[in-house]
Each structure stands twice: as structure tokens, then as C-alpha cells.
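Next up: the structures, one after another.
Shared between the two complexes below is subunit A, which has subunit B as its partner in the first and subunit C in the second.
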Partner chain A sequence: MIKSEALRAGILSLMFLLVLLGIWHVATLPKEQAASANDEYAKLMGKGAVKTTGFPTPAQLGETALKHISDPFYDKGPNDKGIGIQLGFSLARVGLGFALAALVAIPLGFVIGMSPLIYRALDPFIQVLKPISPLAWMPLALYTIKDSSISGIFVIFICSVWPMLINTAFGVAAVRREWLNVAKTLEVNAVRKAFQVILPAAAPTIMTGMRISMGIAWLVIVAAEMLVGGTGIGYFVWNEWNNLSLTNVIFAILTIGLVGMLLDLVFGRLQNLVTYVE
Partner chain B sequence: MSAFSDPYDPNRKLGVACNCGKHASQVEHDSSDDLACADPEVLSNRVIESTMVRALFPHDETRRRFIRAVGVNTAMAAIAGVLPIGAMQALAQERKSLAKTELKIGFIPITCATPLIMADPLGFYKKEGLKVTLNKTAGWALIRDKMLNKEHDASHFLSPMPLAISMGVGSAAQPMRVATIQNINGQAITLHIKHKDKRDPKQWKGFKFAVPFDYSMHNFLLRYYVAEHGLDPDRDIQIRVVPPPEMVANLRAGNLDGYLGPDPFNQRAVYDEIGFIHILSKELWDGHPCCAFGVSDQFIKENPDTFAALYRAVLSAARMARDPKNRSLIAKVISPANYLNQPETVVEQVLTGKFADGLGNVKNVPDRADFDPFPWHSMAVWIMTQMKRWGYIKGDVNYKQIAEQVFLVTEAKKRMAELEMKSPATSYAKFKVMGKEFDPAQPEKYLGSFAIKKAAA
Partner chain C sequence: MAFLDINGLSKTYAGSDGKPFAVFENVSFHIDKGEFVCIVGHSGCGKTSILNVLAGLDQASAGVVVMDQREVAGPSLDRGVVFQGHALMPWLSVMKNIAFAVKSRWPDWNRTQVTLHCQKYIDLVGLTGSEHKKPSALSGGMKQRVGIARAFAIQPKMLLLDEPFGALDALTRGVIQDELLKICAATHQTVFMITHDVDEAILLADKIMLMSNGPGAVIAEIVANTMPRGRTRNGIHHDPQYYRIRNHLVDFLVNRSKLFQSGEGGDRPKQPPLVRPGLAIDASPIQPRLHGAHGKVTPLVVSRKH
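Our next item is the complex of A and B:
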């Protein structure tokens, strides 16, 4: 029964996709262009030639996607690289910023979670800093750090640190009293208590925080790279925006979505690994 | 045979004899106070001569017999006639002492930057022994920050920017210099196609316009233009800062009614049938500067030789770009994704001046864009009068001193002379902006003559 339901859901998804593509195809059918009286003017306006502008048909998008995927690692100078290389740059930045955020957030979250006093003292700061948009940090980062690529990593760090911090603190604070009391009666030392009682107990909540943070980091990187430029999938979108090439922009959007989904799947798996049944 | 030995000395065995290789024996070397031992230029030439003569005469005995038979001078002349020794030596000299050869240069993808962009694919940097990475940058604020942060060694600037940065207006003060002007003319006012019947600026009240940056010729020319038609740019219209690449998208979305922007984005709006070219900036002030090629004062002081080489590369590119014959080729090399990322026909229409205006006409204006590199001091003075007119700078301005500090005329003349390019004798000239004469000797009087300006605080 479950199997057939999955199958039916799959078929339904496919039908949604086909309907969407059908509407898209009909909506973007090329219109007849009125022949201009002035040939020279028409030529200068690029009539007859394939223009990069305008909303692409599904077929055009497929063609562009094939072109990018068949040669993902070309390098034609500092401002024109293949989609694979751009994704690599973005993932490296996200990885670095995220790792730094985890290094700070998890230990700090532990401390905050174990001490209600510190939790209360730091809470106002966290609440103010948490909702700040990544792009708002950028001018400040550029001015103080004086390096655009480190600024990009800093922005990922500062945006992905909060969900991890809050979730870690919450997870640690919510460890069941009984377990801590058992540890106390057995006279377990602090380090062992942290690693063998609290950490496994809080792990699912921490992992949820990390999953949310990764999602945010991937959202932020595109915005940050559009602002700072140079390399990365965000720069790719920006560069094709300059050229008003919607085909390439849509391709990049789909790629960003797919990669984001893969990242989320990885963290979903990790989350399953640490989940326990009481 | 030692590479440093004089290959034209018939009495010399070309073999290693002493430490420096110039003497027949170590004893002779020790007693010699020959300065040539230490002069790298002489040694460099010697290496080239030796290598070539050795290639001609693989056997030392043959070489010595030949030189004894015909005499040293005849031998030298004969060999020089066959081999390009002089040219080789000159080539080696050029590369001799560049301490810094790897440079990062920032640019905005617009045709204003043509000379410094084309210098990469056409090999002008390489010829000067430089390895340049051109970094496409997302906007002028970032160009400023990356120069202040020293992420870029040199940069494409809007010509008012180095003045503003040097004065500390709109940024932390840091001495910035204009080495060359990149382009003259080449901008336009583009309006949305729906305004094609509103050609008189008096009908523009409430319009939203874009310029690339506060400290840009675009901003000052647009303000000047509407003010001459009786509109106050601070009250009657709205002027926003939008990075050039985003102007067309905003015009399409209806966020803007028009812009005074750099090409290719004026022509691109026409190509995409969103806008039309209302007026070329050339018709406001023929020969006005737009973008500049700049470096920090610190960079010049730390790397004088590299700076000179870079200067020559950009000037040579500008010289090539000035010739209308080359414009189609240049359009081809700067259009790909690595540089402008634009359809070639758009860039070609901008550079050749034969273009569609968006209203159904083909126009032919060969000097729509040009690339005169000379950094006139009078241009700098005009820019500062406009900065003061619109309240970007306040109080007394020492126009002459700042202009002469920031616009490197002496240096430009020197480098242009090296390349046998003609430069004007003076660095101040009178010119006309929309028919009104500007005298660089009397900036305050000029400033006082405008009816519309921001009230002095």
C-alpha cells in the first residue's frame, strides 16, 4: 500500500511537471516579427539573429543546460569559468563559513545551555543580531575586514551561527533532569558528563540547528556573491543578469535549488543517525 | 666559453677563467677594477652577444680565425647584419627590473574601460612584461573599497572618484591618482520608450533617473543638463545610484524613467526595445572625460617601474583604440563573457558610432566614443566646481592644487613621449559645456554664474 502510494505521488509529480512545461512552452512560443521597412535598422536591432534576451522556451533552456553540464570545468579567464568551478567556489565558501560558525556556536551553545544566568544575559544580544539580513553586514565587513572574499565568508558565518547557537543551547538546557541526576549520583566528572550524557541527548536538536543553518548559509552565499562578485554561483547569476540572459539565470536558479536540496538531504541523513527513541 | 666574455676578442679563449667570467684568468680578475663587472646592463648585453656568436661558430677556433681575418668591427657589423642582436638586447633590457609583475586590476563591464580591457586580450600588458588579472567588479562602491583595501593594484575609476577619495569625500581619505583618462564622450541619456513624445526636459518633472555613482560625470552632466532646462535636480526629479549593469533591467521593470549611463547599456536598452537614446553626452560637452585609469599614490611610490610599464601598456591601448579602423576588432575582443558579456553588435554600434537610436533611425556619429588619454587639469577643476555646486564639497576649495596633485600630467607627458604620442603643451584649456564657456582660471566666478544650485550651507 505504501509502495503504491509513493508510486502514485511520483506519477502526480511528473504530471505537474508536464503541465508546467506545457504552459511554459505555449506561453513562450515565438511571435511573428513584423518585417521592418528599414533593413539596416533591423540589422542593428538584431532582428533575425538569436537574441539572448526574452523569456526562453523549455527547449532553449534544455539546450543551455546541456551546454553548461557538458563542459562544467572550462576556464576562460578570471571572469568566465564553467558552472562546476563556480559551484566549487560557492561550496568552499559555504563550507568554511559554516564550519567556523559550528566551531563557535556549538561550544558557546553548550555553555549557554548549561547556565541559565548566561542564557539570560546573552539573550538580548542574540535576539537583536539574529534577524539582520546578510547584505546589511556587507558594507561593514568590507570596511573592517578589508578583504572581499573573507567578508563573504564572514557574512555566512554571522548568518548561520544563530540557529545553531540557539538550538544547541535549547537542546542542552532541555536534557532530562533524571539523566543528569543519575550522572551526579554516579559521580561522573564534568567532561564525561558533557560528552557522554548531554551531547548524545542534545544531538538531535543540535543537528536540527545545523540543518537550518546550512539552509541559511546556502541562501546567503548567492546574495553575497552577487554583491561582491568575482567567483561563485552568485557571481554567475549576476554576470548573466548584466547580459540580461534569462536562460542562463533560470539554469543557475535550478542549479542552486538542486544543490540546496542535496545539502539538506545530507543533513537529514545525519539527523537520522543521531536520533534516538526514548 | 663564458657567457660574459667578449666574444669579439680574438685573443680570448671563451672558457671559464675567473669568477665574473670577464677576465682570462682569476689573477687578471682580481687586479681589475672594471666597473662592467658590476653593471647588469653590460653583462646582459654580453650574454646575448655570446649566445648568438656561439650559435654561429660552434668551434672556438673558427671564431677566432674569422675575427682575426676580418677585424673586430667588420665582424661585429657583419654578424649584427645577420642577427637581430640590437633588438634582442633592447628586448631583454625592457624586462630587466620590474620588481612586481603580477597585478590585479578592477573594472566595471562598460565600454568606457575599453583601453584597459583590450590591453589584456591584445597583449599590451604582456608586451610590457606584466601579468595582469582583470577582475570584473559589481559596482563603483566596491571599486572604491577594493582600492582602499589594496585588493586591486590599479583600477578603472569614474574620473571624479580619485578626486573625491583623495579629498576624503564619501570615503576614508587616501591619496588616489589619475594616470590617464580612459575615454571621452561615449555616454547618453536613455529614456523609456513610453516617453518617446516627451523630448523636452521641462516635461520631466517627477521622473526617476539613474546614474552610476554620486561621484560620476554622469551625475554632474545629468544635473547640469536638467538645470539648464530650469529643473532643480534635487527637487524636481529623483536621481538614484544604480550600478550600470542593472540599469537596463530596472528600466524594463519600470523602476526608472531613464538614466544618464555608460555604454553599452544605452545601446543595450535600444537593442532590447525598452528605451531610446534621447541625447548623446557628446552633445552636452564634446570631449568630456568619463572614466579614468587610477592607482594609489602608495603604489606609484613603491613600484615606480611597474607603474611606468603599466602606464605605457594602457597608453598604447588607448592609441590603438583612437583609430576608427580598429574599432570593429576591439568590439570583437572585448564582448565575450570574460569581459563585457554583451552581444558583439551592441558593442560595435557604440564604438563605431553607427547605431540604431531606438526610434527607427540609423545614426552615424563616428566620435560618439573616443579614447583621448590626456588627463587635463581643467577637467579636474570643472569636476570640483560641480561637486561644490551640488553640495558634495563645502567651503573653500583649492582647485588648482588638488587638480595638479591628483591628475598626473607630468607623468602622462613623459610616458606619452616615450611612446612618441603627442601631448598638449598646456594642461589647462577653456571649453564649452552646453554652449557656456568654462574658464579654469576662474572657477568661483563660473560657479557663481549658475542660477540653480544647492544653497550653500
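Our next item is the complex of A and C:
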């Protein structure tokens, strides 16, 4: 039953996709030229008798996608790099910023979660800093760091630090008292308690925070790269917009979506790994 | 000096109205080596609070606990605790849950030693074959067995059990009770156990401590189990002593436990009297049926107040 439901859902998804592509295809069909008076003008402009809406058809997109995918890693100067290279830059920035954030947020979250005093002391700072759009930090970052690429990493850092910090603190604070009591009666030292009791107990919550952080980081990197320019998938989108190549823009958008989905899948798997059933 | 000596133990909290609120007061008793002691009383009378103090998880407001000539201050591997809600770590398998305790006790042991030792205790509680299951895959009874194995595996000088069978069905409870009896007999373990179940107390304990209702609970009396060791679940019902003890305990819980409340006056014993229900008339021929044997219960040492 479940299997057949999965199958039916798959078929339905495919149908939705086909309908969507169909509408897209019809909407972007080349239109017949209405007036012949403009023929000469059209000839002057070096175009044929057909006029497109400017929006690419599904077929054109497919063609572009094939072209990009068949050669993802070419590098023909600063404004013409393969999609693979651009994605690589973005992923490297996200990875670095995210890793730095984890290095800061998880130990700090541990401390906050264990000490109600520090939690209360730091809470106002977290509450004020958390809702700030990460891009608002960009000017400050550019001014102080003076390097656009590192500024991008900093922006990723600042946006992914909060969910991880808050979730870690929450997870650590919510560790069941009885597990801590077991550790106490067994005279377990602080380090062992942290790594073998509190960490595994809080791991599902921490991993949820990391998953949220990764999602946000991937959202933010596109905007950040549009701002700082140079490399990355965000820069690619902006560059193609400047080239008025909507086909490339759409292709990039789809790529961003797919990569985001893959990242989330990876973290979903990690989450399953550390989740326990009580 | 007894193996475990508890003297004048009290636990007081600051109440909401600023007045101190006593959970239990002036609790004094002792446990000899190898003795199995149960404490019986109504919910909320502070049994668990006493156990937490003995375990070192909580501190008493007054009084001292001395075990093996050393004052109890903080938790120690010398006292193994079986918690009410088994308290297993759900991310670890049965083996690893026990190994966690074993590694705490003997940090220098290598992996083989730890595994062998754990296996011994897993076999002891009858969980052979479930070593690599996670607690979520075990029934309530099996989880509690793991908790017991974990506590036994560190070979503590004393075992503290906080209502370990409270959440189990009668059948499972019976089986594990038998196993606990067997293990304790084999290891000469000193045990302090909380229970709600009068029958369980009679089966397991050499000495049953009756706790009055809180707040300000006291140990009202200590009932010696007049049936010799080697009691079995199926056998104790045939001993006439069983009903005498049982009636005495039930009578206490139903009628007398509330008479010791704070401020009620005189009969709050400093050193609780030791009672041996039924022994005085035990010389007489065995009564065939003892239903309604209330009248046969020996005169109570603690006089009833009216």
C-alpha cells in the first residue's frame, strides 16, 4: 500500500511537471508578426520574421542546461566560468563560514546550556543580534576585513551561528536529569560527561540547529555573492542578468534549488544518524 | 557501628510563605552488611528524598550518613543506584549502557575485560541475546533489568533501588523480584529499596521501615521480617507469619501513617521502635486460615492515638 502510494505520488509529481512545462511551452511560443510594416525594421535589426517574448522556452533551457552540464569546469576569465566552478566557490564559502560558526556556536551553546547564569547574561545579546539580516553586516565586514571574499564568509558565519547556538543551548539544557544523575552516581568526570552523556543526548537538537543554519546559509550566500561579486553562483546569476540571458538565470536558479535540496538531504541523514528513540 | 548509619537526617525547604517546610525530619536508622531493607510509605512522604541523600545526589539539611565508617558526601561508585524510570541512555545498546558504568568503575580495563564483565551481568539478569538491542527495543521489564545489571556491574558496597518495579506488570515484577533475590543471595549485597508494594517488601526485605505521611515525615517504626531468609514468592503465603506482617503493614499504611504529622505531638519517635509482628503468638499452633486475623497481630509497640 505504502509502496503503491509512493508510486502514485511519483506519477502525480511527474504529471504536475509535465503540465507546468506545457504551460511554459505554450506561453513562450514564438508569435506571428502582426504587422508587415515593421518587416524592414526587423531586417535592419538583423532578425527574422519571428519575435520571441524574450523569455526562454523549455527547450532552450534544456539546451543551455546541457551545455553547462557537459562542461561545468571551464574557466575563460573572470566573467566566464563554468557552473561547476561557480558552485564550488559558493559551496566553499558556505562550508567555511558554516564550519567556523559551528566551532563557535556549539561550544558556546554548551556553556550557555549548562549555566543558567551565563544564559541569562547572554540572552539579551542573542535576542538583539539574531534578527539582524546577515547582509546588514556586509558594509561593516567589508570595511573591517577589506576583502570581499572573506566578507562573504563572515556573512555566512554570522547567519548560521544563531540557530546552532540557540539549539545547542536548548538541547544541552534539556538533557534529562536522570541521565546526569546516572553520570553523577558513576563519578563520571566533566569531560566524559560532556562527550558521552550530554553531547549524544543533545545531538538531535544540535543537528536540527545545524540543518536550519545550513538552509539559511545557502539562502544568504546567493545574496551575498550578488553584492560582493567576482565568483560564486550568486555572482553568476547577477552577471547573467546583466547579460540579459534569462536562460542562464533560470538554469542557475534551478541549480541553486537542487544544491540546497541536496544539502538539506545530507543534514537530514546526519540527523537520522544521531536521533534516538526513547 | 553498623555498615550504614543514618543519624538525625532532615530535609527542609524554604516554603512559599517563608516558613521552612520539612520533607522528612530526624530520620535515624542503620543497615547491617548484607541486609535487605525496604522503606514503605505513601507517595510524597519523602522516600525518594532519603534515597537521594543516601546516593549523594542531594544534600540533607541536617544529620549525617555514614557508610563503612566514612561520611557520605556526594555520589560515589560505592553506592549503585537503580532509578525509578530505569534511566538508560537510549542512544546506547544494552551492552554499552552497562559498559559505560563498568568503564567508570575500572577506567584501566581493556575492551575485552569490559565486555566480559558486562556479559556476566547481562547473563545474570537473564538478558542474554539482547546485548546489542537499544533500550527502545526492550520491554519495560527488560529495561529495568538492564538498570539492575548496570547497578550490580560496578559491584557497589551498597545498592539503592528507587521503586524499581513500580511500572511493571505483576507477572514481570514477580520474575524480576525472584531474580533480584537470587542475585542478592549470591552476592550478599546490602540493599536499600523503596517500594509501594507491601507484598514486595515482605518478600524481599529483612527489615521494613514504615514512613509516616509528609510533610515532616518520620520513620515511624521498623518492622523485622519474622520469616527467615529463603522466602519465595510461592511459599510465603503459606507461612502464617506472612499475614501477621502484612496486616501490620497495611494497618499502618491505612490507619496509622497519618498520625505522625508534624505538630501532632508526642509519639514522633527519635529512634524508631523495632516491631516483630506476630512473633509473640507464634509458639501457638499454626492458625489454619488467617483471614480477618487483625486480632492476632501482636500488641503494637507504638500506641495508637485517638
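Keep this in mind: the second predicted complex is superposed on the first by the 259 of 278 C-alpha atoms of A that agree within 3 Å, B and C clash if a C-alpha of one lies under 4 Å from a C-alpha of the other, contacts with A are read in each partner's own complex, and residues count from 1 in each chain.
Basically, a residue touches a chain if its C-beta (ideal position, glycine included) is under 8 Å from a C-beta of that chain, and two chains touch if they have at least 3 such contacts.
Predicted model only: the values in this text are computed from it and were never measured.
Asker: By the touch definition at the top of the document, which applies to A:F267: first (subunit B), second (subunit C), both, or neither?
Answerer: Neither partner.
Asker: So, does A:V182 touch the first partner subunit B, the second partner subunit C, both, or neither?
Answerer: After superposing on A, A:V182 lies in contact with subunit C but is clear of subunit B.
Asker: Check the residue A:P78 against both partner chains and state whether it touches subunit B (first), subunit C (second), both, or neither.
Answerer: It touches subunit B, and subunit C stays clear.
Asker: Mind telling me which of the two, subunit B or subunit C, contacts the most residues of subunit A?
Answerer: In the superposed model, B touches more residues of subunit A.
Asker: Tell me which partner A:Q196 touches in the superposition: subunit B (first), subunit C (second), both or neither.
Answerer: The second partner, subunit C, only.
Asker: Could you say whether A:D147 touches subunit B, subunit C, both of them, or neither, answering first, second, both or neither?
Answerer: first
Asker: Once the structures are superposed on A, label A:Y276 by its partner contacts, choosing first (subunit B), second (subunit C), both or neither.
Answerer: A:Y276: touches subunit C, not subunit B.
Asker: State whether A:W24 touches subunit B only (first), subunit C only (second), both chains, or neither.
Answerer: Touch partners of A:W24: none, neither subunit B nor subunit C.
Asker: What is the shared patch of subunit A, the residues that subunit B and subunit C both contact?
Answerer: none
Asker: Report the residues of subunit C in contact with subunit A in the complex, numbered from low to high.
Answerer: Touching subunit A: residues 55-57, 75-77, 79-81, 83, 85, 87, 89-92, 100-101, 104-105, 134, 136, 154 of subunit C.
Asker: Can you tell me which positions in subunit A touch subunit C when the two form their complex?
Answerer: Residue positions touching the partner: 176, 178-179, 181-182, 184-188, 192, 196-197, 200-201, 203, 274, 276-278.
Asker: Could you list, by residue number, the parts of subunit A that touch subunit B in their complex?
Answerer: By the definition above, subunit A touches subunit B via 38, 40-41, 44-46, 49, 51-53, 76-80, 139, 142-143, 146-148, 226-230, 238-244.
Asker: Show which residues of subunit B lie in contact with subunit A when the two form their complex.
Answerer: For subunit B paired with subunit A, touching residues are 109, 133-138, 141-142, 145-146, 148-151, 245-246, 248-249, 268, 270-273, 336-339, 341-343, 345-346, 349, 354-356, 360-362.
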